[in-house]
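Alright, structures below, take your time with them.
Both complexes shown next keep chain A, but they swap its partner, so chain B is in the first and chain C is in the second.
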Partner chain A sequence: MLKKLSFLLLIAFLSIITTIYLHKNKHKKPATLNLVSLHKIKTLDPILCIDTHSFIHINSVYETLFKYDPFQKNEIKPCLSKNLPIKENNSYVIKLKKGVKFQNDECFSEGKGRELKSHDIKFSILRNADPNLNGKHFWLLDGKIKGLNRWRKNQRKKNQTDYNEEVEGLKIIDDYTIKISFEGDNRQFYQIFASPFSVIIPKEAQDYYKKDFGNSPVGTGPYEIKKFDPQSNKIVYSKNSNYRDERFPTEIPENLKLKFKNSLGKTLPLVDNIIVHIVTETSTRLLKFKNREVDAINITNDNINFSLIKDGKLISDLEKKGIYLYNKNEVNTSYIGFNFNNKIFNNIKLRRAISLAFDRKKYNKLFYNDNSTTAQSMIPPSIEGYEKKYINPYCAYDVERAKQLLEEAGYPQGKGLPKITLDIRSGTIYRQKAIFFKECMREIGIEIKIRTNPFSELLNRIFKGNFMLFDLNWQLDFPDAENILQLFYSKHITPNGFNFTRFKNEKFDELYEKINLISDQERRIILYEEMNRILGDLVPAIFLNHKNHLVLCQPWISYIWTPFNFDLIQYIDIDDTIKQKFQISK
Partner chain B sequence: MRNLELKIFHNNKILVLATLILSIFFVVAILSYSGIIASNWYQQVGGSYDSPNIKNIFGTDIFGRSVLAKLIKGTETAISIGFVVSSIAIIIGLSLGLISGYFGGIIDEFIVWLYTTIASIPNIILLIAFTFILEKGIMSVYIALAMTRWVEICRLIRAEVIKQKSKDYIQASIAIGASHFRRIFYHILPNVIHIAIIQFSLVFQVSIKSEVILSYLGLGEQNQPSWGLMINDAKVEIIRGVWWQLVFATIAMFLIVLSFNIVSDALRDFLDPKLRNK
Partner chain C sequence: MNIIVYIIKRILYAIPVFFGVSFLIFIMFNIVAGDPTIMLLGKYATAKQMADLRHYLGLDKAWYLQYFDILKSAFTFNFGHSWATKQLISEMIKSGAKVSLTLSLPSFIISSIISLIISMISAFYRGKWIDKFLVLICVIMMSISALSYILFGQWILAYKFGLFPIEGYEYGFPFFIPYIILPCIIWIILSTGSDIRFYRTIILDELYQDYVRTARAKGLSETMIFCKHILKNAMIPIITNLIIQIPFLILGFLLIENFFGIPGLGSIILDAINNSDFPVIKAITILTASVYIVFNAITDILYVILDPRINLK
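And now, the complex of A and B:
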């Protein structure tokens, strides 16, 4: 009898435990990823954004025809397109994936997202070129697609843009096929349509939201942002219920398999809900991270990494907490440009003297904790055209040689040289960097005056040519050295392009023009290397460094970042068991 | 007069201390201006961010420069701003206040309109606007601050002049045929000058505070040490445990502003006839 009773009691006990467990799991909230944005996001209109911070949000909602494979270096794969089309007579026939739907939104009839069609592709390309919208990325299409420039010119005369007007280079074949024809040979076709701003937008959204379009993104991507408010201090994402069945790739490099072992083959996005907190203050960001309130913080531009990283590794205090550092090369070059419209900078000896007097090693140590690569010329590492072995003699630190060159330039000990103004953007770190430059120049007798400007004002100055020296960082838009070499091509002198320094060199121009005529990649790389060396030798700018991407991550997330992908949030996973373990220990 | 001067300090140890502190600041500023001390403030004297030690008692900044030398050079900037701005503000405020109060009529209306217009714009916005229009630097800070600080002086002087104008001694001077010039400068001015002196000391410390704020916001002096810039540097330093720039710059500012307040109060108590008779 007693045995029976104990048995019954045991059964009852077990069933209670099971019920509680099931009940608890039923009401368990889906995991939320907490990320941080360093800057306020002004708009989510892809053609009006120019900063990488905004594109991370835009590319989580919208998608492009192609995208970079996050696990294969600089390789492009189809996204909304069914495959990678092959060129025929300077034209590409793009076939779209079937069944791709826009998110549910009130701009569509009955609020239900409709299927993506080829006219959406045409509309999105035309929108980028629409003169009435003042898009910032037309340069990528300028003079490339047949008839697009003519269309743009025609629209300028009209009050309202006519998106139905025929464009020779954009032919809709059927609902899922579009043919894009180029003026000449265009080898950047894939890069153009994999750019973060070449996203596909439904016309209904623009017509419905009109001026509020920038706050109401409607796309085909993995997430939707229901209410975007530029004044708010957070952006809330939820999973797009219409998102097609996309999976985390199973074929990834061996070295990454261990890190992503729990994610392989899972449905994307891996986490359904995301909150992006906008925290502009460095110390607040770090405190939030240390309190485990956010899952990852970017510390690339902060000098907080000095208190966290030693000899390229995290300090043991953080390591004990399971926190890890994600450190990867970014694809950028920081430089101080000369204004070639100012006669004194046409003196090559003066430019070389300035470059030689700048102590890059100390600069890297003081401001980057030795976590950046000292630049030898313009092309950054991991881009073809960068030569690891190339050492630029004018990027060395040699005060004596600099003094000698300055004398040869006609300014012994800086005498006869006017005070040189360096324009920088506002901010403590930028000012401290400028002071470092000023002190270096003082060593050889050159006097520098620092002028701080809000970033928009600095760009304005650079565009107008109203400066002597400027400090800027160029982030490549796609993995091709041409994208950074364009900064010194004479036909791209601002306002026609981004040659801010107004540098002109016949040999350089000749080589630049040759690039597009050569189809063989190997030969092109040789040209890139040669052009890079020309820049290194002529010193049209003081090449500073190439920064690294540094992110602090909590132990429970599998973080991923690559330079040209902006849609990577969907690949980040949270391991709940690890999270619970750490939260209990906390 | 000497007795009066001493009477002000009588039984007021805090005032003595405040005056002493101010004198030290002034002496330091003058020595720095004449290049006797801190002329090599930009030279490296230690490692990057050395904490306060025997060699560098206030520590060093990111480039290994002495924080003490920067503080001294910052004192020069602060005192020069205070001095130039209050001088300009007093000259403008006093002249316009005297003219406006004495002559009245359309001149008065115009001057009142002018200062109410300036006073209606928030000061910090006006300062930012001035520094944007003028080239950034110490000169624009001088002008921007002086252009906003004369308003209060002018308003007070004008009111006092109107009051004095109707008094018997002015009527008597009119009766004996004194000119406008004589009436304003020989009779009225000595009776309103105490306001200008008190305001001078107030404007002095407000200007120092404003300069610190402007430099902190990146709108002031960028090429020479300033307490505001030192505090701004601390924005990225404090998280690394580098507290010395922030602490010493704040202490310096605190001391000078507090001392000025104490001295201004004592001056008002001493010079204002209404308070003196109590």
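And now, the complex of A and C:
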């Protein structure tokens, strides 16, 4: 009896497994791009999202008025706007493309996506400023658009936001035209409306989904996500059937033509279906990639990086399988900031000694497998103002000179110097980096105490000035050196801005204030370079490195990434012939 | 004392425990933990925005009002919305617990059965080579870390031999089954080692009791003594141990869920910690503590019912 029962149970179990596999195979589609996200996506509400990895998803569904050209370095081109408007008396008249439709969704009448109109632009801007929604990107518009701050103040007193209340700087001229007026000269106009936070959303979606709006994106972009669940382990995209006829550009730089030869002129998005697998564990991610289950994976700076890349090249084992490495500069700077409210750090010789005692080359080798650029100052490569030839003498590794400077600073062999606390965020890699820093400083007699904090606590410490040294990384939000140089402008000393080090320098401030008065880009770049050199010379922080964007790609995909484009998934193509060839030989 | 009175008394005892737990949670998250607003607002947070958000989240209220909010949410089970995902926390817990249970329940049942059987065999053949071998295996199983089993399972069984998916999860029966087999196997391996040792000790404890000697003196066979007398008495602590594990089943297994991409409660907790999503952490802590208190009370009551030797007073 027992034997019979066990046999029946075994048969039932095997049938279930077979059913599942048959079901799965029945629904398999040939052209599906399988990507991986390293982090879970918290929300798809553009005004509440703060992490860059989530913006890739937001900007695949929603669109902005302008966008960065993925094939021309930091160049902005129209997206929802018909053209790039010209400034007249600090105002811009934006004409929208006609026939742009939102995706079909139950928030619209009869579930059919309606045409994008100028009131959607006004609503999206107001939503960003709505105090009742606690949006996180108001800084982008703060004090810039005429009457917007007043509108925000008025809404604070109300229980429900009035989106119909007039705002002086937002005038709807007709269904396809809106005029945006600024308080003063705003040279970052295009960047503001090309930023991933400035996407256009329909009011119906917010009214219909209410609290669930962040999980129910409704946009005009190339893709749609039917239902998003932040707890789910994957995000499934399908092509937005209402997406207009957009084409892969035919005019792209010569060096990219071979890579994208099959994509030129094709309708976007190039792949109709995408599955983004959320795999937070590095080893699991790599196994899925090696098993050809996913088409590309980001390589983080951990042991996996070291096991895959040798001397900047992929190990031959992977190369034989046709896998290639996509390696590009990101736009960030890692630095260890001094607290200028602490008197000891007002001693420039001490700061220079600390900077000289830090072995950046070894740091880059140990923690980044030489896949990052050693920093000479604050501005990262690929941002105007960065000088490739500039070598900062205080970013060299020179222990003898550091010892000499320390002595001149009044602390021979570190004597008389209190123990310096370095605040870092918790995590093995951060701790290892801090230990390396500690060892470097010990060489010249400086004692470092490492204090680990949960990230929120580290930010709180920095915000309140309750630290001696802090370790942080700054990612640029738009391709303008001002975005990173602001970290040392004295009027931006925290809490008035993001000058966390509390650094003050008259010459630097003077140049910073000049930036906005100069319209000529060439002259501005000269100023940026000068400011960057001032920082390099005065060492308000120990400039560490600029990280790279490393992605492992399967041979059949044409991968593309640029730092300020978040809508690039639509440009990734799959070559089915190559895919089949490699999958057969697997 | 009447059993009903005992049950009422046991429930009343649970109330101060619950207040104590909720107060501890309040101290941990509302007093000791840092200001979460900067994390929630991102790098462009201003002092004004932080103050606004603190007000919006009710973090600027008097401490006793904040504690009252925790108590209220604990009694009404209305934990509000997650700070990070804006989802209803009760819904998050419900869906996460369901997923965790698809993994933890079969693992728990199978591992309990296996542990019981092996521990009985081991105790029955106590001191013999089979017992020694089983104890050695248990010690080895316990000594290897969970991470090693996971990495080995994913690398060898899933990647090299392709027996299971490397990671992933599909909602709904029976689609989740292929994805939970490997995690289940690892869970079973991880829990059986210690369970076998524990159950074996309990059974062996009973072996040296007076009533066993009496039974032997009466001439009963070893099998009869073992099955009819020893097992019956050993079952009480074993059942207690099993019941007390039940509340933790909804929490899943953080490490396994994380490596296998199973969107259960374990992975929700991990995300909440990473995002400083205090309402979610508080809700899960309160819920787990409540369920634990309830199951603890049930265990005590069951003790009294199953073992008449225990005095109600």
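Everything that follows uses one rule, which is that the second predicted complex is superposed on the first by the 553 of 586 C-alpha atoms of A that agree within 3 Å, B and C clash if a C-alpha of one lies under 4 Å from a C-alpha of the other, contacts with A are read in each partner's own complex, and residues count from 1 in each chain.
In the analysis below, a residue touches a chain if its C-beta (ideal position, glycine included) is under 8 Å from a C-beta of that chain, and two chains touch if they have at least 3 such contacts.
All values derive from a computational prediction rather than experimental measurement.
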Fit or clash between chain C and chain B when superposed on chain A: fit
First, second, both or neither for A:I450, with chain B first and chain C second: first
First (chain B), second (chain C), both or neither touched by A:S283: both
First, second, both or neither for A:K136, with chain B first and chain C second: second
Which of chain B and chain C A:N215 touches, first, second, both or neither: second
Contact breadth on chain A, by residue count: chain C or chain B: C
Touched partner set for A:D45, first chain B, second chain C, both or neither: second
Partner chain(s) touched by A:P563 [first = chain B, second = chain C, both, neither]: neither
Chain B versus chain C as contact partner of A:Q432, first or second or both or neither: first
Contacts of A:N233 with chain B and chain C, given as first, second, both or neither: second
Three-chain overlay, closest Cα atoms of chain B and chain C, distance in Å: 5
Doubly contacted residues of chain A, that is, touched by chain B and again by chain C: 283
Residue numbers on chain B that touch chain A, as the complex places them: 42, 48, 62-63, 136, 218, 222-223, 229, 232-233, 235-236, 238-241
Chain A residues touching chain C - in the complex, by the definition given at the top: 16-17, 19-21, 23, 40, 42-43, 45, 48, 50, 131, 134, 136-139, 211-212, 214-215, 229-234, 277-281, 283-284, 287-288, 290-291, 293, 454-457, 459-460, 463, 474, 495-496, 498
Residues on chain A engaged by chain B in the complex (per definition of touch): 282-283, 286, 302-304, 306-307, 366, 426-429, 431-432, 435-436, 438-439, 442, 449-452
Complex contacts: residues of chain C adjacent to chain A: 34-36, 38-47, 49, 52-53, 56, 81, 84-88, 92, 95-96, 151, 154-155, 158-159, 166-169, 174-175, 177-178, 258-263, 267-268, 271, 275-276
